[in-house]
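The same chain A turns up in both complexes below, where it pairs with chain B and then with chain C.
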Partner chain A sequence: MMRTPQPGPTVVDAPTIARKAVPFDAGAFFRRYAALAGLIALLLFNFVWTPHFWSLQTLNVNLTQVATIVIVSVGMTLVIATGGIDLSVGSLMAISGALAPLIFLSPFGREHVALSNLLAFVVSIAAAGLLGAFNGWFITRFRVQPIVGTLVMFIAGRGIGQVLTNGNLQPFHNPTFQFIGLGRILGVPVQVIVMLVLVAVAAWMLRRTLFGRQILALGGNERAARLSGVPVDRVKRWVYAISGLCAGIAGLVVISINSSSDANLVGLGMELDAIAAVAVGGTPFTGGQASVVGSLIGALLIQLLRYTLLANGVPDAAALVVKGVIIAGAVWSQQRGKSA
Partner chain B sequence: MSAETAKLPAATRPSRLAWAAQQRVLIALILLILFGALRYDHFLGAFNVLSVLRYNSMFALTSLGMCFAIMTAGIDLSVGTTAACASVVAAIFSPMGLLPGMLAGLGVGLAVGIVNGFMVARMKLLPFIATLSGMLMASGTGFLLAHNQSVSVSYDTDFTWLGQGDLLGFPVPAWIAGAAYVYGSLLLHYTSFGRYILAIGGNEEASRLMGLPVDRVIFWTYVQSGVLASLAGVILAAQFGAGQPAEGVGWELFSIAAVVVGGTLLTGGVGSVATTLAGVLLLGLIFNVLNFENGLGWISLSAYWQSVVRGVFLMIVVMAGSGAARRAIRSA
Partner chain C sequence: MRDIDKRFQGVKALSSASLEVAAGEIMAVVGQNGAGKSTLIKVLTGAYRRDSGTIEFAGASIDFASPQQAQRGGVSTIYQEINLVPFRSVAENIFLGREYRRYGLLDWRRMNAEAADLLRRFAVEIDVRRPLMDFSTAIQQMVAIARAVSFKARLVIMDEPTSSLDEREVAVLFDVMRRLRSEGVSVIFISHRLDELFQVCDRVTVMRDGRTVMTSRMADVDKLHLIAAMLGRDIETVRSHATGFSAAVAKAGGEVLSAEGLRIGRRVRDARVEVKAGQIVGLAGLLGSGRTETARAIFGADPPDAGVIRVLGKDVSPREPSDAIALGVGYCSEDRKADGIIPDMSVRENITLAILPRLVKMGVVDEARQRAIVDKFMKRLAIKASNVEQKIRELSGGNQQKVLLARWLCTDPKLLILDEPTRGIDVGAKAEIQSLIRELADQGLGVLMISSELEEITEGADRVFVLSDGRTVADLPHAEASASAIMAAMAHDADAAAGADRG
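Let's look at the complex of A and B:
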């Protein structure tokens, strides 16, 4: 770990510029962009071999399934860019998913339909965001390692969701609310639009705003960032809050698709799916660098791989094994791409 | 803060913190047991004590492997699914008898451990990523071998003795876990391997420069964690009469919590085997106490409260550790 050079916020390493003069090194290029190359290769494979792949329906199925993971990964990418990690996202999804039906199914909610739908959105997402902010507060106030700090919310959070609903399934039928998971705008599923907007905003924020530069600066070298006047603790708290907000949105998407909320299951294992997408997308866990678009590509790659295997008759369990190999392989090839 | 920390030699500061945390976990465990013993009639009864020990021995085993991985500044996310996969394999081989079933199960842990160790020590993947990948591989293999359903173990052989039997009045799993902790303690305190683990966790680069076999020690740490997790899986199969590919979800995070409660720092370099066991028992007893509390009839807490209580407990432990950290630094 000590041997990896600490990249500053602006990553313009001289060798890359110099290398432009030399002939294009395809090997190094593909190692560096392994995830993108893998995604393109998989797409080509599917066009040739998988029947009915080239249809809008297939595209929509895959995008719909991947949307929640990408939405959570956006927040996770920012957290990992600060050198942290957020294990609590799945539990926060369960909480926001448990809260929304409690609001619009309540007697008050049935009387004031429009207001309760609005409240269901705002309160659930805000609650997840607040608990995310609590993660950030806990981590910065007590100087706790992020993995331990968010482990608290991972354990307690799902319990809170279960206690809220008494562990019961909450079935519902609420087309207005479920627009976020079932609706379409110009044929595009709404959650896919939400996903793309979040990715675009986060990518823009990381590159173009002070807050984004501060995230990368403190992730690269926290002491240096603190000494140069970056409000390290405040930035971190916001980053964990944003991760919580993303998880809150994802929780609402999931329950809308299912037309029911089950606090025992919503978001289960999501933290590892999101972390895998971020890792495959090329954001290093040491912090200081981040690619939100990379996380999108990573999530798409993992999803498409699973789809390809299932569509070609490989059992889901074997797909899990392949997923494990792909995660290790992608991260390994990126490491080699950087050192090469 | 930097000026204050500089006054202390780097080596003593974290170990002093860990020592304080370890004392606290022992005190907390004793207090919880006293509370239970005074409040509930059958808390210290043979039935309750033995069933708590029998059930928690599985988590004790996964936490022991996790404890060593964390002491090298690593982590092993694969312990839960390794146990699940091992329980399936052990169940498949159980008709051949106790020993073949157990050895086949342990083989799973050996294999997963070797893969994890290779990825961390040779491919230089971050332990978190490497063992996340190992976790998925073990889980997928378990489901494949079990054809997505539980595999019943054979009751014709004495395989189930490993999970359900007693020896000298104590459950066999408790004996196994106890033996593993004695082994772990001896390994940590009386072998060069144990000292290397702490040295590497404290400062990997310095250990490398000193000529310690860093990669080899890390490799074997993950193999050991895999084998211990698969032992938990064998007990799982024997105790519940089935190999269960879907079990083990969240065991890794429970184990991490137990290790943290036990005062082992995730930064590596310091740790204690004995207090990890105390951490496991503490988290396990919280559930037990909640059950007894419900039994009294004063309050009715649903089982879902146990995760809330565990989370809050972990939070208090971490906060207490942090407070003690600042006091220790100030007083030095």
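Let's look at the complex of A and C:
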């Protein structure tokens, strides 16, 4: 088949010339810092208008509420950087949330408290990671589209969580274990520290390690990456496994805050919150580029917006609409940035 | 069609191209990649607007605005990939977009009956109520043709309809084409398989570089003449030195690659190549002869179904490109955009993509070493970029190609496979890249070079393997690898190929 002359290169070249002529690229700048600018604007608004906003308590409330979303968004950002998506994170949270109390509430767990608490952490998170790795295996082995491949786990995962607990609510009181959701270090909630560490590690990894660069390379052009020796399938499996691990951690944080685990509810709708945070954070869904810090800012922006509306008497239902508008706006600014 | 011009963003795709088809005639259109065949057809059917020129159809000047309008006007096109709806029934596909209705409902009985009638004309007896995907590619193609004819088409254009058919199916298709001809319908037939043209076509139009270079009765030409016209070569004379290649300075060293009896899918049946250190080996062949497939098999991108590959004397069977890279093989793909560059990454990262695993300590990229390598190869290959952090998609084609060459050179390969290394690159960069390839070979690198440009092969290669229809049909040393010998081999010219095979 012959090739018709591709208009491609010229189309790409035209803005290049414009970019060289104008040293300051307003489009790229806006795209990159839109979420951050929005966040700062909201903060300023709240300092002026929302009573009692400038208090450590308000800050902690907002941060603890957003921590689980951010933790899941870290894994989601990596998945989206490969050009994929992970719908199963909410269900994996439910599984890890169901497993932990099963371990420390068991007769064995009541006898060996320290060991069972440790196992509750390790086994639950590892299980979520393994199921995430299964997602990756399923997607790469059978060349399934990620949205379909993880849909399988999205549906089956919540079922697994309910089967594990017979669909029962598991209430508990375990201060040692619940440290991850209720504890504080120097006044800072533990899950906020976990969140910040994960964001920092993931951002560093994307930037500096072979694994991170290979994620971005295969997301940018999978065929070229494979021909350059990038083990495409292996990298993808790891990325989905990491997304599973993050979901596992988030699941434990949620049940610790609630002092109970309900496989029907833990992580419900989390996949969409995480995807929204990544979108608002400026990571394009086409893959090849990613900003973990952007996802953090995106999650904070959505959270603070909701808080602002609630604190100023707007009902939660209306806040959802505003959330939708923000996401649409973020995607729109990305599109514009690309074509401008 | 007369004097058709078409430019894309200033690049000339057609310059006063012409095509004339008589009623009830099968006209073949042939040409190399990028010769302008498809563009010409798309201008005819209204998919593209022409910049100048006239199109007359059935005595009247026409100007179709879209393929749909062309179809209503009597010009139907059947594309290489059948564009019908696989899940819907055969009859639905035939009447898609102009279904019969009765009382506001679809009149299935009438559509089914007419569809069956229509197909019977082509000797196809099938249940038209079954979904299209239940049938073979050949039948699907017949359905596409039946659909085209049912539009009362007076001109049917077939763009490589035989590429996915086996021999028996091709014979059926040819019968249909002859039947159309006997009914006074004209056919434009585009194919890369030259043998087929002689079986069924009345006349042939050869295109090259956006021009119509030859129109002739099929009976008046032979395959060799067709190939010469397609490649733009006079059979007798070979133009003197048109590339940046010079003769080899050193003698070839030990064997770096030998591949034998390669069989890959349906395209490659029995390919053989050998490369020695310090040698540039050309792999010539027409489009569809299996050149790229052979290269990809050696590189582990699409492992072969059968055959032996030896790299540096060791039997290997790379299953993944990473396996081949570990053996010291590099591969610059033909399609830079789809298989080469990571568009949004910087020049620096594109250069070091293949070598990156060797630049890490405990998983962390050693950026100092990375930068040193990038600087060295940017200088050595004279890559023009505003700085190493510039995104590669912003570079010119020639510079992108140099970056991709650098990607492999920095891995210090023993064998470099170059698939169309100078395609789509301006003349200056082309000569630069060619002389660079020679320089590298002189330093001991084994190069396997695929090229559609005969000059590159005749002047650049120290040894030439010619592929035809998935088989290695000739193995020529530099002295014997003249344009005419290569073309003769491509055309399966028995004497020339046999004489050359001993070389």
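General remarks:
Basically, the second predicted complex is superposed on the first by the 307 of 340 C-alpha atoms of A that agree within 3 Å, B and C clash if a C-alpha of one lies under 4 Å from a C-alpha of the other, contacts with A are read in each partner's own complex, and residues count from 1 in each chain.
Throughout what follows, contacts are C-beta pairs under 8 Å (C-beta built on N, C-alpha and C of every residue); 3 or more make two chains touch, one makes a residue touch a chain.
Since the structure is predicted, the reported quantities are computational estimates derived from the model, not experimental observations.
In the superposition on chain A, contact is made by A:225 with chain C only, not with chain B. Comparing chain B with chain C, more residues of chain A are touched by B.
Of the two partner chains, neither chain B nor chain C is touched by A:44. By the touch criterion defined above, A:113 lies against neither chain B nor chain C after alignment on the C-alpha atoms of chain A. Of the two partner chains, chain C is the only one touched by A:211; chain B is not. In the superposed model, A:288 lies in contact with chain C only, and not with chain B.
Of the two partner chains, chain B is the only one touched by A:148; chain C is not. The interface of chain A with chain B overlaps its interface with chain C at residues 1-3, 223. Within the complex formed with chain B, the residues of chain A that make contact are 1-3, 85, 87, 138, 142-145, 147-149, 151-160, 162-163, 166-167, 223, 268-269, 272, 275-276, 279, 285, 315-325, 327-328, 331-332, 335. Every residue of chain A that touches chain C in the complex is listed here, in rising order: 1-13, 16, 19-20, 208-211, 213-214, 216-217, 220-221, 223-231, 288-289.
Residues 2, 75, 77, 119, 123-126, 128-130, 132-137, 139-144, 148, 204-205, 249, 253, 256-257, 260, 266-267, 302-312, 314-315, 318-319, 322-323, 325 of chain B are the ones that touch chain A when the two sit in their complex. Contact residues of chain C toward chain A in the complex are 8-11, 13, 31-39, 42, 80, 159-160, 163, 287, 299, 301, 320-322, 325-326, 331, 333, 337-345, 349, 353-354, 356-357, 359-360, 363-365, 367, 386, 393-394, 397, 407.
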